[in-house]
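Across the two complexes that follow, chain A remains constant while its partner is chain B and subsequently chain C.
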Partner chain A sequence: MKWYIVKRVLWTFVVMWIALTLTFGLLVASPDTGQTKSVMSCSASGGDAQQCREQYRERQNLDKPITERYVNYVTNMATLNWGWSESRSQSVMAAISEAWPYTAQYAIPVLVVSTILGYGLGLYSAYKPYTKADYLGSFVGFFGISIPNFWFALVLIILLGTHFEFISTYYQSGIPINQGWASMANITQLLIPSFVLLTASLAWQMRYSRAQAIEQMNQEFVKVAKAKGASQWRLMIHHVFRMAAVPLTTSFVSSLLAIFWSGSVIIEQIFSIPGLGLMTFTAITEQDTTLVLATTMITVFLAIIGNLIEDVSYTILDPRIDYGDR
Partner chain B sequence: MAAEDADTATFEDIDWDAQGISTLGVSRAGLAELLSYLGLIAAFVYDYTWNTGPLVFRWDVLSVEWLFIGTLIAIVFHAVIPLSQKPRLRAFYWQRFKKNQVAVVALGWLAVMFVVGVLGPLLIDPPTTQFTNQSVPPVGMSTTVGGVVKTGTWQYPLGTSAKGQGILTLVVYGMRVSMEVGLIATIFSVIIGSAVGAVAAFATSVGRGRIDELLMRYVDVQSVFPDFMLLLLLTYLFGSELWMIILLFGFFSWEGIARTVRGEALQRASEEYITAAEASGANMLYIVRQHLIPNSANSIIISATVGIPGFILGEASLAFLGFSDPTTYSWGRTIATGQVNLASAWWIATIPGVFLFLTVLSFYYVGESLRDAMDPRQEVDGGGGL
Partner chain C sequence: MSEPLLSVSDLETQFHTDAGTVFAVDGVSFDVDHGETVAIVGESGSGKTVTSESITSILDTPPGEIVGGTITFDGMDLTTLSETALQDVRGKRISHIFQNPQNGLNPVYTVGRQIGEAIRIHDHGDPEVPVQRQVVDLLDKTGIPEASARVDDYPHEFSGGMKQRVLIAMALACDPDLLIADEPTTALDVTIQGQILRLLEDLQAEHDMGIIFVTHDLGVVSEIADRVVVMYAGKVMETGTVEDIFRNPSHPYTRALMDCLPGRGGSMDRIEGSLPDVTDPPAGCRFSPRCEHATEACRSGDQPPLWGVDNGDTHEASCVYYDAEHDEGELAGGEGATGGHQ
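For the complex of A and B:
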């Protein structure tokens, strides 16, 4: 088991390296939109176009040979030196550290609540399948995964924003700084964004855990436990939940991350919350390649680390796994 | 061809055409399909090299529409024709499918969306910008926009946008975009995913585990990239034409299907008939194409149906953020234009969203009911869903 974990951690580094190489390849293969834009704005302010281009290329290290750029790129990414953001005139790391609290303040509570509620409801539906409660649960699940979150946010703004004055329909970023992150004013203005994100992730986890639990409930070991006289409660918690808790496929973390990341881009754009999502959005519209890549790499790294944690906890929770073959 | 009536029940319908033992042997239906693709490619080449005006009547076929026609041909030859030739199979699945009444309604909605989406843009003129009819509310309602009282008329049953485009027309054109995105991207992900999954499984079963390891490790790496972020990155780097977005969707989201097919095909690959086929000299391509993929068809169909709504939602989200093709009338883009005048003209952002929501919901319900109908592991009394 120790060897399995060591191998798994080493594999994580390999995946990170592959991911970095792939993004570098994409970067080389694509036309550099940032360059055109930077050169245009530079020459508009009175500079010589040729000189501007050279300055930009030097700043972004484009004048070096490709092997050197590749080595530089990988070492810089690995040492967390993620470059200079043209549009924000600050280092990418500074931009990220400014933005992340705005995202974390609603994303982490939503993640915790949706995981607890989603797994609870999912297990309950699996425990009593094809009853009224299960049908209601499956409807809520379908509703949550089907409703486009950008549209849902707009509908909520129309319905609530016009009738309830205290719910603000856009985010005032001064409030957490002046009144504190946990102030009432900050919490009420996060209600609609959190609710929108919650419906999507709750529904997804509910459906997922229900499917996992139903799959596990048909397994031999559940029948054996039942035959030995285990109570329903013990059966669900000890046998079914233990297996369903760490989902079967390795796509769970990245899927959840995708919901959160795409959700945060959309929600922060609608409510103008200055977090990582809005940063991604403006980086793309401002054609700031360095920042776009950085935000992509954050999600990739989070997904890789999430997968690692998932696989390792899998080996702890599932006693049947044979470590010999992987 | 085996086309008996259902009354004279037989034990087994054997399609003798398909029994020819050759890797490259093509049945009559296969030949017709191949000819259809060749005809399509010929028309495409003709349209792009010599033809300057609209190709058919007034319809100038655009890049995505070529892909869409190809997808429709594939659907006809791999879903419509096989189903019409097997009335007993069709009746069996339909009987199980219709247990879920919501799914039947959902299927009806999708059929309407499909027909209107395909035919509608051919019959209705594209929405035009008209400054005389800005922000007219839906029929029977009246609002005050900029000090002027406006009442909805039957000319624009669902009202107009801030540019004076009829919402109904925008919705009909959006149906086409959504159907194109969902179906084309799914066809591509199904082709790649099932090929990779089946090859990986077969490689393991014949003791070439290294191919399996290599393929599935790549699947792991690709699934690490969150789809939506990857798509944002790729549309940023390479531009955002609709056909490109659709192909990116297709090429970067087949991991799920590959995993499912691999799991399914691993079970199949250890069966006697595979050993028999191998013993009689069939090669890898033949076994994968003739035995492994057809026998995993049920799980492929199920995961494909569940994949479609994801693509539709993804494209709509991209369009809402403004990163989609600006020349297409995507629902997401219409909703985004309504975001600006949410308070004065609520109908612009909400009405296309209702269609988007119901379409996505219908796909999920149909997928769920198909799973209940086709997956033998789901034998539970009462059927699933609502």
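For the complex of A and C:
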């Protein structure tokens, strides 16, 4: 199994390299809007257009041969030297390192809470299917899945923001800097955005784990375990949940991606949280190619690493998976 | 005569489904003694599994519900026991083995751990002897070669026949008084079937267990059973010793089953018609719509009571022809009608 994991990790690097090469190809093939813009602003401030273009091309290394640019690009990406963001006038890495704590501060707690709560509730409603508790769970679940995040956020802002003044409806990015990330003021201003994000993610995990658990409960080995005198609790945790945990790792990884990518873009836009989501959104609207590329790369890497975690946990959780000769 | 080991009386088990109530088991009674093998036979869907799973209440409730009758075991009525009291009976006093060994073991735990689970749940055996040691002994006893090497293997590393042996080892882990085997050999090929049957017989002799053996294979019944309960559509059609049933099959349904047995001169390979809808069972005898001897009397009222056959006290059939008051003549067409056999 160790050998399989080593191989799997090496393979991950290969996939990342392929992803890098593909984005490089896209970059070369696509028109450079940054150039037009930069040349325009440069000549507007009195420079010679030709000179401005050359300056820009030099700055972006566009004057070098393509092989050299490719090698440079890959080494730069690998050494976390991700280029210059024109729209923010700072390096991409600086932009990312400024933004990520704003996202992580709510995304990680939401991921943890929604996973634990979602699996717990899903398992419980599988344990008592077609009871009031289960129907309530299903209702909340479908509500969470079908209500669009942005709409729910707006409703909450209107309802809570107008009736409870202590809850801030937009995010003040100075608070964590001045009062600390774990300060009460920062936590309260994160409550609504976290709650909105939680509903969707929780609902999803709940429905998924319920379905998985019900499928496992109907397996013959659960009946066998019951026949040998196992208690309900033992059946649910030791047999049903343990089996359901295998496919559930998939839902964990997709939740992670959903929160970081789609969830945070919408939430941060609405509450003006200066995290990765808002950064992505503005990078797109400002056509800042380097930055858009960087955010795309983050998602791609998250997906690749998520996949790695998923595969490795599968082999650990399920002895039937044959990892010997792959 | 002493108390039987298990006494099922008038058991009624129903399923509440969207299509209506399924009368899966409708007034079934039979006894099992220590060291005795009772076979429950009948076509697919006749209620054999539901009967056997009602005994320790391992059927899914809901939709299933035991609505009536008593199941007396060691002075207790199992139908009234609490869930925790039942958990003490399951696996310790009454064990099950099932039809499909392929899915009977949890794929993520080693077989040793799963057999050990039964021992640990019930704190069984000598506390001085490590559970692992007891498990290896059990595997040994059920004929797993190199038991001590295989105990840490996962279920997918075992063949179907070997899995069934593992499941038998698990069922016997706490030395039960009664073993309920629900078609334990149906999913296995014929040579393995024979081995498993002999294994069960040996283990029965060693432990003086009662066995309820559910099957639709009359060939197997003749090999291992002491007594037979013939079920059809949730009712008992006929009961008796193996000799009673095989030498003098009395209910038309039993005869039809016998006629399907290869090598007994039977002419049918299956019984005409199909099982009635148990959501809306027919009036009178459940078998009457398919019975060539059925008269008006068979198609009204209730299922006839179990009448004694041949004045024997072991052999009974639920057919109006065996009612002493019945005056429409003998059961036509069959050898071995009332008193007429040999």
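One rule holds for everything that comes next: the second predicted complex is superposed on the first by the 311 of 326 C-alpha atoms of A that agree within 3 Å, B and C clash if a C-alpha of one lies under 4 Å from a C-alpha of the other, contacts with A are read in each partner's own complex, and residues count from 1 in each chain.
Note that in this section a residue touches a chain if its C-beta (ideal position, glycine included) is under 8 Å from a C-beta of that chain, and two chains touch if they have at least 3 such contacts.
None of the values given here were measured: they were computed from a predicted structure.
Chemist: Figure out whether A:225 sits in contact with chain B (first) or chain C (second), or with both, or with neither.
Modeler: second
Chemist: I want to verify the contact counts: of chain B and chain C, which reaches more residues of chain A?
Modeler: When the residues of chain A touched by each partner are counted, B comes out ahead.
Chemist: For A:317, select first, second, both or neither according to whether it touches chain B, chain C, the two together, or no partner.
Modeler: Only chain C; A:317 stays clear of chain B.
Chemist: Would you check which partner chain A:130 touches, where first means chain B only, second means chain C only, and both and neither mean what they say?
Modeler: A:130 contacts both chain B and chain C.
Chemist: By the touch definition at the top of the document, which applies to A:145: first (chain B), second (chain C), both, or neither?
Modeler: Only chain B; A:145 stays clear of chain C.
Chemist: After lining up the shared chain so the two structures overlap, which partner does A:187 touch, if you call chain B first and chain C second: first, second, both or neither?
Modeler: The answer is neither, since A:187 touches no partner chain.
Chemist: A:155 contacts which: chain B (first), chain C (second), both, neither?
Modeler: first
Chemist: For chain A, which residues belong to both interfaces, chain B and chain C?
Modeler: Overlap of chain B and chain C footprints on chain A: residues 130.
Chemist: For the complex, which residues does chain C have touching chain A?
Modeler: Of all residues in chain C, those touching chain A are 56, 58, 62, 83-84, 87-92, 95-96, 98, 100, 103-108, 117-118, 121-122, 154, 156, 167, 170-171, 173.
Chemist: Of all residues in chain A, which touch chain C in the complex?
Modeler: Residues 130, 219-221, 223-232, 234, 239, 242-243, 246, 317-320 of chain A touch chain C in their complex.
Chemist: In their complex, what parts of chain A are in touch with chain B?
Modeler: Checking each residue of chain A against chain B gives 15, 18-19, 23, 26-27, 29-31, 33, 129-130, 135, 138-139, 142-143, 145-151, 154-155, 157-158, 162, 218, 249-251, 254, 257-258, 261-262, 265-266, 269-270, 280-281, 284-285, 287, 292-293, 295-296, 299-300, 303-304, 307.
Chemist: Quick check: in the complex, which residue numbers of chain B touch chain A?
Modeler: Its residues touching chain A are 220-221, 223-230, 232-234, 236-238, 255-256, 259, 309, 313, 316-317, 320-323, 332, 335-336, 338-339, 342-343, 346, 349-350, 353, 356-357, 360-361, 364-365, 368, 377, 380-382, 384-386.
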